[in-house]
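Mind having a look at this structure? Questions to follow.
Letters A, B, C and D mark the chains in the order given here, with residues in each chain numbered from 1 onward.
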Amino acid sequence: MIRVAVIGGSGYTGGELLRILAVHPKVEVTYVTSREYAGKPITLVHPNLRGFYNMNFSQFSFDKLGDKADAVFLGLPHKVSLEYVPKILEMGIQVIDLSADFRLKDPTLYKIWYGYEHPYPDLLKKAVYGLPELHYEELKNAKLIASPGCNATATILAGAPLVASSLLETYKLISDVKVGSSEGGAKPHEGSHHPERQNAIRPYEADGHRHAAEAEQELSLIAKRDVKVSLVPHAVSSVRGALASVHGWLSSDISEMDMWKKSIEFYKGRKFIRIIRSNIHPYPDPKFVIGSNFADIGFAIEKRMQRITMFSAIDNLMKGAAGQAVQAFNISRGFEEDEGLRIPPLRPA
Amino acid sequence: MIRVAVIGGSGYTGGELLRILAVHPKVEVTYVTSREYAGKPITLVHPNLRGFYNMNFSQFSFDKLGDKADAVFLGLPHKVSLEYVPKILEMGIQVIDLSADFRLKDPTLYKIWYGYEHPYPDLLKKAVYGLPELHYEELKNAKLIASPGCNATATILAGAPLVASSLLETYKLISDVKVGSSEGGAKPHEGSHHPERQNAIRPYEADGHRHAAEAEQELSLIAKRDVKVSLVPHAVSSVRGALASVHGWLSSDISEMDMWKKSIEFYKGRKFIRIIRSNIHPYPDPKFVIGSNFADIGFAIEKRMQRITMFSAIDNLMKGAAGQAVQAFNISRGFEEDEGLRIPPLRPA
Amino acid sequence: MIRVAVIGGSGYTGGELLRILAVHPKVEVTYVTSREYAGKPITLVHPNLRGFYNMNFSQFSFDKLGDKADAVFLGLPHKVSLEYVPKILEMGIQVIDLSADFRLKDPTLYKIWYGYEHPYPDLLKKAVYGLPELHYEELKNAKLIASPGCNATATILAGAPLVASSLLETYKLISDVKVGSSEGGAKPHEGSHHPERQNAIRPYEADGHRHAAEAEQELSLIAKRDVKVSLVPHAVSSVRGALASVHGWLSSDISEMDMWKKSIEFYKGRKFIRIIRSNIHPYPDPKFVIGSNFADIGFAIEKRMQRITMFSAIDNLMKGAAGQAVQAFNISRGFEEDEGLRIPPLRPA
Amino acid sequence: MIRVAVIGGSGYTGGELLRILAVHPKVEVTYVTSREYAGKPITLVHPNLRGFYNMNFSQFSFDKLGDKADAVFLGLPHKVSLEYVPKILEMGIQVIDLSADFRLKDPTLYKIWYGYEHPYPDLLKKAVYGLPELHYEELKNAKLIASPGCNATATILAGAPLVASSLLETYKLISDVKVGSSEGGAKPHEGSHHPERQNAIRPYEADGHRHAAEAEQELSLIAKRDVKVSLVPHAVSSVRGALASVHGWLSSDISEMDMWKKSIEFYKGRKFIRIIRSNIHPYPDPKFVIGSNFADIGFAIEKRMQRITMFSAIDNLMKGAAGQAVQAFNISRGFEEDEGLRIPPLRPA
């Protein structure tokens, strides 16, 4: 049993980690912290977990962590992780960081997208970008895993087979993303107030979204050339779920069958990718992955214009956050990548 | 491994059974039928199950069933089960019937509530009402399990500790139930059309709902006297979830603490009952059981009027249908009652 | 043109008043205040009203009010209205108060339900309870109108024809109310956070809700005897809409046709009451009154138990708040009661 | 008073026309037909309109129409309108056709997009495309108005100021549209079943949507060059509302302020266009136009990539269908374009 800590356990990602880890056969959750709820029962904040945890939230301390954990999931805000990661690594504890602080290889990008000078460029090199479909081998024995952002995950998984195929006229892609409200986290604010959020179809950060940086890094690696991504997110009424519609212009004709084969081929052997082609449900829909770690991938081609749209559908808290983090952790530990994650999606939900 | 068949596998209850059984460690699903989709892949109808089933739906035949199954879950409409159950039992195969056809002990009630003369009064005696919290012992080795209705389950679980406590002025209860749209099944109709159903708060069958018969049967057993229940269901916007608010008048004062203790005591040892009392979430809410087999039970007392309301929250497809059927099956087979059902609820969802 | 002020114009009730008054042919909105948004455009807070208001919110001052308004709608929190009403009345300006501060005739009830000693028992006598269906004549020329609460409005309108008919076994009623999220106002809080509120079916204040006091006052007047009401509200997923299900036990048989006639008779001539009886939509549903001032009233009788449930469906911001306030104002000014309110409900919505 | 008929009055567009026309001061609704509901009360199908119509639906007959109407709104399926329009025009009755049958000027496009040879190319020339923001002058005295499709309306209104500005690198646009469920009409089907539709984020007709033909026709007219539009619609959870995100690549830098001015300039004097730029709500959202005929227009520019996204938000049943039809009718009759349409949007809704 690997002893696991969840730092920042009171948010939605923390809660989702606790939900998964509660029934993960190779893991024991030993330490869960929350600044706001320290001393209070986990189930006060996460009433769904009644019966699964008797523990209280703790205040964080490096000493306690050292006593209690072999691996730690960090569910902290961007920039806050920086204060924890180097020290925890020094203590010999594995880190799976769900913030953005170690996702980008090029330190100068932190200045541009996150507004701070990155203090640990060396750690950026050591960190493995925790998207197992692209970095499976590197994840084995990884000590620092930088778990991808949800909009980035959706965009990359949709775009990867396309940029890999050398079919594009230009390598400037539009990723028009639609997301549920849980993506915004557990803190109430004006825009998340139910009467304001329900029935909204609301663009946000539409003049440039940070996850584009991750998407460009990863897609450029695959394409072996510079790929640019304009990521335009929209808040819609769902609670869970994200759909990325990645639009591009084809340089030449390709049949749907060939594109389907290329997609199948690209993701061969990856357990959480399902390539969609069906009469009744021809395209991916987050509805069919809710509660699971699957990413459903599909596409549409408009022949007269040589326009292709790649779609990917994920549960933003699972494949977009906690589920993917556990998947990467599994690989790093030599477990099956779907250990503790063999959960069929809920339907209807 | 017990070989299990699901008859009527294309509806929501069938889909939910398949979802649970796909990862149930003691069970192998060998035979799944659907009149409408025979010959077509299970995953065409249930796209969430892509990757879990490669099988097609079959046409039903008693011979095939005999070859393939040790136990069968029947997800058929009311009255249709009657045509299957006696013959399947004769074949020595265990039946878990999710229709209403074997739930009521008194055959005359079928005439009143379902409009038909029950042809097998003897089987009614043999059938075990599959609510494990009330019939745990009888379920052991049961050959015919009549799995309860969802509104009945919610009403009975809420009402049971109350009628058991001899605190009521009269034994006429109002069960005001609020349910999500999945309770209406997978067939589209006028009232289930999204623009009509979304944002509805719509009473239905408000002049008498059939599940009252089950609720009266079970609550009378517990109270050891005649209990009457008026069940008034309302369709609300959720997809999953049912909340029963069971209103009664108390004959004497009781403190919240005492009522809480009585509830705890009543359900002692039952793994899927959680008695709710909390600062942040003081009452049950189906939101916190989505995707799981839990029933959350709580209550409120209005002192000045001696009014008590017992609440129970369930996922109508899990504890209200498929989950409960598997729970009862587990007990009948000597497994842990939560085998294959140790799934924490999804949150937020 | 009557010059009208809206005090507390940045909340949902304020916004709804502004929406109605913008196109009310007999009214000019001259003064709109907001503590939080003073100096900022009305349309910054209410983007739906772009094109209808060029005004900014003002800080409140009695002098300004005196200069600008003949009538004032007060959209202030409970207890805060007390500080404004006496002085405004002295200034000779008509007050339509949407808080609870002048709704109850018996001053001792304020101690019990609102926790304060009412300082103006004389004004309580002068105030007219602004439910036009019950107080039409008194509203003519009323100087102080106490506009009813939304849950109270729904409960009273449903219960009135029933208690008027002398058909009840006992005069203790259960009003099981289901409400949309806009009822909770415009301020975000934990429970209103979209991921928490969406798909909830959540009882609240279930041990006694304040609006019961209004309901008891008004229903006792009609019944000419003491009526007790236990009001149990539930939050459901809709944004707008409230349904009250008022449950009672009948003392004797009554046919549906007779009950329908009694209801029709009771509300004869009242423009905003629609008595529902239909094949396709047999019961009221807030869905069919969204955006309008209508209250749809209907009922169900379960004969075997002599249980009756009266239903009323309203838009909580219209008939439950701003619409009803304007309706009462219209009557007080000798206008048609539906002046500026002849808006058919939106469907589907 | 102009006597008006609504042919095909039982669907959502028909219902919305009836809702508007019920309170339109210059119009009397004299004749409403429905094949399915002939002989039955209008309010049986449209319960929101109780109190506004005492009429029944009629079977259609040209004779009756000739007796009763000066103008007719046709809410019929595509291709069916063809059988009515020429004859009605011959009778001297004005036609506002809400189908696609007279929207396209080039008859060959009907073969391509709708699969039929257009039998009346001459009428295509006479028909006026009923988008008042672009064809105001032509609409005056128009005898045949072809009312635009909802996705086309959203796409054109968003794209028009952009293609007018000569700022684009290429004139191939992506219109990524998100729509509510009412766009699919009043007939229930598998995909509209509430448990299937709620929480969906589902692309449909993603390999080419017919409304692209209208969008290309109109945008090419404005751009005075060939504009291509790839329209990719997505079903989201709302009931009402459509948002078009029209993505393009800029050929040169333009500041937000300049683009804002260009948009303001382009739509100068048009009553139902609101150009959005605000701190709190920076982009259009259909939430803020619900129940009204407004189109809110805004945009975002991602400087580093010279990507522009134009957004337009409409209520698909109002500006996307019935409201726009009445607006065009108003202009054709010399009324104010907002006659009967001066309704502020509902909020929150």
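Methods note: a contact is a pair of C-beta atoms (placed from the backbone, for glycine too) under 8 Å apart; a residue touches a chain by one contact, two chains touch by 3 or more.
All values reported here derive from a predicted model rather than from experimental measurement.
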What's the farthest chain from subunit B if centres are computed as the mean of the Cα atoms? D
Which pair in A-B, B-D or B-C has the same interface as A-C, with over half of the contact pairs matching by residue number? B-D
If you average the Cα atoms of subunit C and of subunit D to get two centres, how far apart are those centres in Å? 35
Go ahead and note the Å separation of the Cα centroids belonging to subunit A and subunit D. 38
For subunit B versus subunit D, what separation do you get between their C-alpha means, in angstrom? 46
Could you check subunit C for residues that touch two or more other chains and list them? 12, 180, 182, 190, 195, 198-199, 237, 239-240, 280, 290, 348-349
What kind of graph do the touching chains make: line, ring, star, complete, other? complete
Residue positions on subunit C within touch of subunit D in the complex are 12, 15, 19, 22-23, 44-52, 182, 239-240, 271, 274, 276, 278-281, 288-292, 294, 296, 342-349
Which part of subunit A faces subunit C closely enough to touch in the complex? 12, 180-182, 184, 186-190, 192-195, 197-199, 237, 239
Complex contact set, residues of subunit A against subunit D: 172, 174, 176, 178, 180, 190, 195-196, 198-204, 206-208, 228, 230, 232, 234, 236-243, 245, 247, 249, 280, 283-287, 290, 300-305, 307, 309, 311, 313, 348-349
